[in-house]
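Here the chain labels run A, B and C in written order, and each chain numbers its own residues starting at 1.
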Amino acid sequence: MTRRPPRYWLQLAVTLAVCALLVVPVAMSIAAGVTENYFVGVRSGLTLRWVGEVWALYEETIWRSIYVALACLGCTLALGVPAAYALVRSPSRYVRWVEELLVLPVAVPGLATALALILAYGTWREFRASWLFILVGHVLFTLPFMVRSVLAVMAAIDLATLEEAAASLGASFARRFVTIVLPNARPGILAGSLMVLTLSMGEFNLTWMLHTPLTKTLPVGLADSYASMRLEIGSAYTLVFLVMIVPLLVALQWAAGRAGRRGA
Amino acid sequence: MAISIRLENCAKTFPDGTRALEPLTLDIAAGETVVLLGPSGCGKTTTLRIVAGLEAPDAGGRVLFDGEDVTARPIEERGVGMVFQSYALFPNMSVAQNVAYGLRVRSVPAAEREQRVAEMLALVDLAGFGPRRVDQLSGGQRQRVALARALAIRPCALLLDEPLTALDAKLREQLRVQIDRLLRGLGITAVYVTHDQAEAMALGDRIVVMEKGRIAQAGTPQEVYHRPATAFVADFIGTMNRVAGEVVDGHLVWSAGRLPLGPLAAREVMFRPEDVRLVPAGGHHVEATVISAFFLGDHTRLVVDAGASAPLVVETSERRTWPRGETVHLAVAPGALLAVPGQSP
Amino acid sequence: MTTGRRAILLAVPALAVFAAFWLLPMARLLQVGASGPRGAAAYLAVVTDAAYFRSLVSTVALSAGVTVATLALSLVAGIFLQRNRFPGHRVLVSLITLPLAFPGVVVGFMVILLAGRQGLIGEVTSRLFDAKLVFAYGMGGLFLGYLYFSIPRVILTIMASVEKLDPALEEAARSLGASTWQVTRDVILPALGPAIVSAGALCFATSMGAFGTAFTLATTQIDVLPLTIYNEFTNYANFAMAASLSIVLGAITWAALAAARSLAGAGVAAAA
């Protein structure tokens, strides 16, 4: 093993600096969220009182984020899985168009999409004031990710021949879809689902514009707390967010790995 | 159980304009194994898919099963068994579940299903493989599962699309024997697509040689081999030697020698490598120079230059070696000569 | 089989939702954008009006700067991580990709923790240099924030591409006598070219359209187009201007992403 050249140490330094930039504030935030007094530091003792206060103040936002995310998942599954199948089995000229279209709400800033929704449907009171308004924004934003995830897995297996084989054995379209298409697309559906949940839980740009004081989600609450609450509460709230989102992220990485291996 | 199949004036033009099949009429008798043979792009797979119901023939074409017009029926309702080139086994199911799939679709009760699955697996020598996952199987095993799955539904006809192409040579030969035994034993009508002529000759009751969307010749393997109807069939099946020259005195004469023509009166003739005899010098013969010699175990294939437009291929079971450049003498019995089809006298 | 023709019907529900909740509203947005006192000229306001133009320029400059910095840092770190294994490697990579899920607000908070009035950097500099460095609430803080959410994305793309590099090419270059730097310059970077360009375009588009981070750090010193749009809409109720500006911004980000997609194929998405 040769001695490492100076270049190696330089690269290592840059890499560590990048990691530090990304990780240190997260660690600080976690620490601040469970410390008695941020200014004094960890010496002041660990406590869950800030987390308790966060719960008291923002419990509703946490639940709302969860059920919006689940509802969003339901919608994207119902809309996105058939759409992915349609794209896999259709001639390629349609496919490009549909994909380009569905991606537009992602390509365009959430702000613009939200503004458009408000201008178009804002006068419809019940809709504007309900959580469904936020749901619509989330579905528009997460749908392309579900479609893409499922599409990738479906495209990697020779669905057409499998379906022909099933048809030759007498299976109708509905039966083929349920017994052959869906089970084989499962890794993509799983990865897509985790992606949708993660994105929905963390969505801010759209939600900030679309929310009302009665329909706040977790990220909206976070913005609130950073602006008006003390650092410890903001940190504790962020900690709650991390606790919810990190398992999803880990599961997503695992699921995406499985979906990637499927095609090979 | 076995049905007769008739394709009547079936042509196929694809949406992008490709003309895959010219109007084609073909009769397949009940219980017969017909092999569709030809190079890629000749339309053999398209023909099979029309029989299956995966493609519809152009207007005017009809598909008849036992005289009944099934052209409008989709594949789900035709009751044929199909074996695909890539086997198309369902990865999300075990072997037993794959074989049982067609039976499930037909709502066959569980007990009968299990029995039929076991029967089918035994038929293809895969007894006990039921619980295995598809990705645990070798190529040959997968192919046999695909066969079992197609046969489980007791199809009226078995359609096979190049089922052995993906396997190595030795396995191909073994499975060829198994498939042949199966087809004969079951007495089922079968349509088999392949580009491998050895396979075609071994399995087919009749061979249909196809070229560019048309039938070049349909006949028994012997007919197609010994009496090719067109130059294409002659060249495609086995190897054919060709020599052209002047007809003088009942002989074909050219630079390297002469061949007695017998009753034939053609300026260009064909003959098979195995019909060429190596003879001692002298007499009516052809003189040739050895270009290469391939020892193939049970015989040797010589490629010789005999002054014809292309080197001649000679097959001999004489046990010796032939160095490059050696002169050999050839003779062909007049009865083994064929006039090249389509030439003017 | 007729599945081919029938299949496209299965995309209808998704397309219907999309048409009802995005296409229609966008058409309305376009319409509103041209409905103000300036009429359709509002769409040019981003260049004709000094204030908006400044906003646009600073957003573009910021995004471009972030893109360059991110690419540089990600290339060094990404190649290093992909090529060197050490204990804790996998944990490190997982940690780096954590911020992928952070909404812009959380990133803003991270910046405050680092560079705010009670931030880490302020503490360190006041101890070392007796002068507290606080830059969270200016363009500097925004720059740091944008780096924060861009680096994880770009690093992942780079690492995935480095993994796919054919080692035989580098070995061939070395067998011909190339030094490590030359191999990097002549073999590795060109091979990574498409990934670099598409990741860069993605980074640019995301930065252009980012809102949450700027919102959290918002002060008068921060001037980016998304914030301007927000102010027009919420504080000045200037719907027409907000609409036209957001259409223009949307067009810019869409164009950048389309460029990225055409250079990289599928697998590209923006979210911040």
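Please note the rule applied: a contact is a pair of C-beta atoms (placed from the backbone, for glycine too) under 8 Å apart; a residue touches a chain by one contact, two chains touch by 3 or more.
The structure presented is a predicted model; accordingly, all values stated were derived computationally and were not measured.
J.: Taking all protein C-alpha atoms shown, work out their mean, then name the chain whose own C-alpha mean is nearest to it.
T.: If we average C-alpha coordinates per chain, A lands closest to the whole-structure average.
J.: For which pair of chains is the number of C-beta contacts greatest?
T.: So the chains sharing the most C-beta contacts are A-C.
J.: Rounded to a whole Å, what is the gap between the Cα centroids of subunit A and subunit C?
T.: Those two chain centres are 17 Å apart.
J.: Just how far, in Å, is the C-alpha centre of subunit C from the one of subunit B?
T.: Once rounded, the distance between the two centres reads 59 Å.
J.: Based only on mean CA positions, could you tell me how far subunit A sits from subunit B in angstrom?
T.: Chain centroid spacing, subunit A to subunit B, equals 55 Å.
J.: Please set out, as single numbers or ranges, the residues of subunit C touching at least two other chains.
T.: Residues 1 of subunit C touch two or more partner chains.
J.: Could you list which residues of subunit B touch at least two other chains?
T.: 54, 74-75
J.: If you look at subunit A, which of its residues touch at least two other chains?
T.: 164, 167
J.: Which residues, counting only subunit C, touch subunit A once they are in their complex?
T.: It comes out as residues 1, 3-4, 6-11, 13-15, 17-18, 21-22, 24-26, 28-29, 32, 73-74, 76-77, 79-81, 92, 94-106, 108-114, 118, 120, 144, 147-148, 151-152, 155, 180, 205, 208-212, 215-216, 226, 229-230, 233, 239, 242-243, 246-247, 249-250, 253-254, 257-258, 266-267, 269-272.
J.: Which stretch or stretches of subunit B touch subunit A in the complex?
T.: The touching residues are 52, 54, 74-77, 79-82, 84, 86, 88-92, 101-102, 105-106, 149-150, 153.
J.: State the interface residues of subunit A toward subunit C in the complex, per the touch definition above.
T.: 5, 7, 11-12, 14-15, 18-19, 21-26, 28-29, 32, 38-39, 75, 78-80, 82-83, 85-91, 94, 98, 101-113, 115-117, 119-121, 136, 139-141, 143-145, 147-148, 152, 163-164, 167, 173, 198-199, 201-205, 208-209, 219, 222-223, 226-227, 231, 234, 238, 241, 245-246, 248-250, 253
J.: Contact residues on subunit A for subunit B in the complex?
T.: 157-158, 161-162, 164-172, 175, 179-180, 183-184, 186
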